[in-house]
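Presented below are the structures under discussion, each in the form of structure tokens.
The two complexes that follow have subunit A in common; it is paired with subunit B in the first and with subunit C in the second.
On to the complex of A and B.
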């Protein structure tokens, strides 16, 4: 189980005390907002539409039941009884008071949690595959390397005043579930023919107002060179990254302006220039960190579970859920369970305190006390015995947490949008809800097959609309909300940025538009062909015709 | 009964200690309810509101003051932009929360879902 070490413990405790003092000084009028804002942002505290918002880091999306129960407690004691899981594998509370925040951070520190690196122009908390350490297709658990990067980057004095925020994602599987190609730096694990580990280093991906797929600067970086090489990238960025224009300050703009080859040459020159003795990744150190992520004591179980097969044969709802929400585990007799936070007509990513406790309790009893948060805004129980799946499903179902829609039309990503966010230009949640209701028929969702619908309420793209198979972007046209639709995006290993289809739609017309797109796909797909493949074969034209043909 | 409509600007901010959305009133206090807001129709009066708000920023009562366009009809204030309507009511997707649920919402219906 992930834990932070003694150094972190001391540091986080000190940080809470510092923040308490800063908040008190702010409330007493000794600090102005301009002085205080960067300090609160360094501790994940934003000011949003209705109140302050606290964004809490969930490192690698990994939580214990004790931690999730503490989040439930915070929801009830200091918020309005719920929290919102985000596309950065974190959680946000929407109704926080400044005067309570130090107490909340103190409570979090009690369970080794904090809100550091969730805001500001620093290296943000590292994200990864929500199935890390469990997936059958994984080469190795990517979290130890994520943690190595985290330990190196936390409070790194040289990288605490970057031109702009900086996001790093890591995957240990060839099937990328961590969207590494749309991060400032993406790391993909490869094994060479001798079984030796190396990392493909991608730089300059990102979403926001300028969506870009990252470029590979190294195909196979030996693991011991990882930190030194990342340092070279950060130095080039820190030196040349633009600070004159916030919208051109991300590393993707630098990579684009220099060109991939020149950028790579700069990094290599910087890398060659310096001795790396102090940043060499020691085998022993990586081993030490790896013990933080030691796999649970799996039992030796048969691959086939009679209990499971019998339940699946008898209960159609359970069988449907298994089809979408249960994935193959690397250990026989176990499975990965996705807990959908996307009930029909619900708010994507929201969970009540009671639901958090239900999941925490299930994790404790059935999943070696582990919970994960996915960037799709769902929760995961990564290690469940196949024998226990039916029992787990029954409890989830009773708690409204068993929507059988993972990866389907109902599993919509949506940012908080204008209902909560002060940056938003339009609402996202009501659009997600209306689409979810339109595609409520689960049989139809299964018939349509894998489909990612992602919605952002502004150009900053927290809802990852550029990489949705269907992307929806909410904008403001003279005080009215309207929505632009893109098709063909993907955040997988074959990542692509979606193409804008044409003029936008009023909110109430969006479900019809989505339905036309889906129907066009259904009419034209080849046997077994998924939405994204069909779009890539057909191109945007038939979809444009369906959407914009004269009525 | 005649309907009177006044157009102008009102001053808003978030209260420092808890982030609550507040509006500057005629008496120079901050109201949680948009209907309590003073509506300034003339640029000079608007500038005066802003100056008053800045003072309260300096003494740390509120933060992030700004003016927005609104109109008063029969004693009720209607914000012209959707963002301000949401701020004066609460989230449209959780009408059980925020000002609208606490009897301090604006005197207009929440925006509907779509």
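On to the complex of A and C.
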């Protein structure tokens, strides 16, 4: 994985010193809260309902054991012993003091981490496929480009006061696990018939109060032009994106209001006008970065592991876990392990300091010292020998980290909601917990099959409810929380926005409603048909009838 | 209003005119961009330097015609969170304008370094902060990842520094 050189190190160190000075000036009253807010946000520090929250960047979701151990230390020393992994592959701590923040950032800098641009109206943490570099279906590892974009976007003087936040995702696989179609900019790798790399550039996707699928502005952008082209898009957005209404300020609204063709013409005109003499260095820089992402020294192993097969035959719990939490690796004898942070009745994405240390230790001993954070709020050990899977499972199981529910009903994505967030209109966590308990029977979850449930506690859609197979949106009606249900969303390469089924439900009625939807699917599915396919075939009508038919 | 320029605080000697203020016989004058478009014919003969206030919704395409005659362009920040002028500044520098580019309006110390990097060279700073605060804030980061920025001595571009020794032309034998 990427390692800082002297420049990267100096950059984050200076950034911490700068923030320390800004925080001191704020504490001394020399900066107003209005003036301080964008500065702290660009360093990851939010003010929530009860305390400051610090969101730490995990670029393209990749961590080393040393880094994860440091996050555990931060959880214990400066927070309440746990952290929350987010849908942007980051981690946030919810009980931070302003006075401690610079010390925390210093600690992070010591392990090549930062909280730069995890908030604010700037380019946010670049995300990618959590299986990057390991997936069997991948054309190439997208993380070198992720790192290039991280560096380019860090403290970009032209693009730090954008109309609104800006999110970029990168995928190197035709099976999109990075949701590139619902990002401000999505980048998707293609190879032409000569094997040359080019990027499909999608713009204007997004969720929030106006969910939209992005439009392709370039089918095959040569890799060496990537940064120059991104600059052209960003400039058009920075100049012409709306600033009069924060709910219409994302780039998707600009693309929509100009029309895709006019928007593309503006970008191309800007691109043609600008000098591109500097892109050559970026090519060399990309080569330099790529060497850090060279595959680990895999052993030559047989595809078939006797140890693994024997354990799977003997232990049903392990066999269940393998079915959902273990995925095909590109190298024979290895597997990708998903560590579920969704135990029955738990808070999605939360991990205690001890759990972080357990995963860090497993990564060090069994996964070439790599951990990934998935945007589904789980962790991943990307390179585990099949021979070691049973041993790894036993340790995860003892730590409460082996819920066999990846991609199933219990693997719920949820934002922090009204329990923490000052923007929320309703609680998300208790809803996730009650659904998780309702579907606690693992056999039933496996019987139902792949199902994505996403919960957001307000219209800003941090829980990505629009792209959940079942989406749940918490709203407020005259002081009462109620929940609107959408069906049929997906963030994959065949992305779609969910359809609202009808009137919302009180919180305590949500598990019943979800159960009716699931039962309708089970009753009507064809052999082997997954929930999303069945919904796409059947349409919303049978589900509406099940939910709203007169009792 | 005092100006921050090359690390010192200096006074502003330009005469600022509104849309209808009479043009003085001579002297350095700053006028709104709309007035420049309207009165260009008579302004070309003005005895003194000419500056314009460009706004966030003006486009630079037409401005390029007047650049040879302009000695000052002012870009206002209606609020420090409105970042359009950063892009305008870079565009104006990219089309070859090399004289004074001034940031006005809600200019604060913690934004000045970014403003310098995109090509601003003077700043209307008011009297709320001391010179020390301005100077310290304007040089807190000595490194930037982006290339092609304006930077004072002592500041470096990471992507250039890293590859300094690998410049291909250095590896070629000298022709003569």
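Methods note: the second predicted complex is superposed on the first by the 545 of 551 C-alpha atoms of A that agree within 3 Å, B and C clash if a C-alpha of one lies under 4 Å from a C-alpha of the other, contacts with A are read in each partner's own complex, and residues count from 1 in each chain.
In the analysis below, a residue touches a chain if its C-beta (ideal position, glycine included) is under 8 Å from a C-beta of that chain, and two chains touch if they have at least 3 such contacts.
Everything quoted here is computed from the prediction, not taken from an experiment.
Peer 1: If we overlay the two complexes on their shared chain A, which of subunit B and subunit C does A:347 touch? Say first, second, both or neither.
Peer 2: A:347 sits against subunit B, while subunit C stays out of touch.
Peer 1: Touching A:292 in the superposition: subunit B (first), subunit C (second), both, neither?
Peer 2: neither
Peer 1: Quick check for you: in the superposed arrangement, does A:121 touch first (subunit B), second (subunit C), both or neither?
Peer 2: The answer is second: A:121 touches subunit C but not subunit B.
Peer 1: Would you sort A:154 into first (subunit B), second (subunit C), both or neither based on which partner it touches?
Peer 2: In the superposed model, A:154 contacts subunit C only, not subunit B.
Peer 1: Counting only touches as set out at the top, which of subunit B and subunit C does A:80 meet: first, second, both, neither?
Peer 2: After superposing on A, A:80 lies in contact with subunit B but is clear of subunit C.
Peer 1: Which residues of subunit A are in contact with subunit B in one complex and with subunit C in the other?
Peer 2: none
Peer 1: Considering only the defined contacts, which subunit C positions touch subunit A in the complex?
Peer 2: 80-84, 86-88, 90-91, 94, 108, 110-111, 113-115, 117-118, 133, 136, 140-149, 156, 158-163, 166
Peer 1: Please output the residues of subunit B touching subunit A within their complex, sorted ascending.
Peer 2: 14, 16-21, 57-60, 63-64, 80-83, 86-87, 90-94, 97-98, 111, 113-114
Peer 1: Looking at the complex, which residues from subunit A come into contact with subunit C?
Peer 2: 5, 7-8, 10-11, 14-15, 17-18, 21-22, 30-31, 35, 38-39, 121, 151-152, 154-162, 235, 238-239, 243, 273-275, 278, 281-282, 284-285, 288
Peer 1: In their complex, what parts of subunit A are in touch with subunit B?
Peer 2: Going by the criterion above, the answer is residues 26-29, 32-33, 47-52, 80, 95-99, 347, 418-420, 424, 427, 429-431, 433-434, 476, 479-481, 507-508, 510-511.
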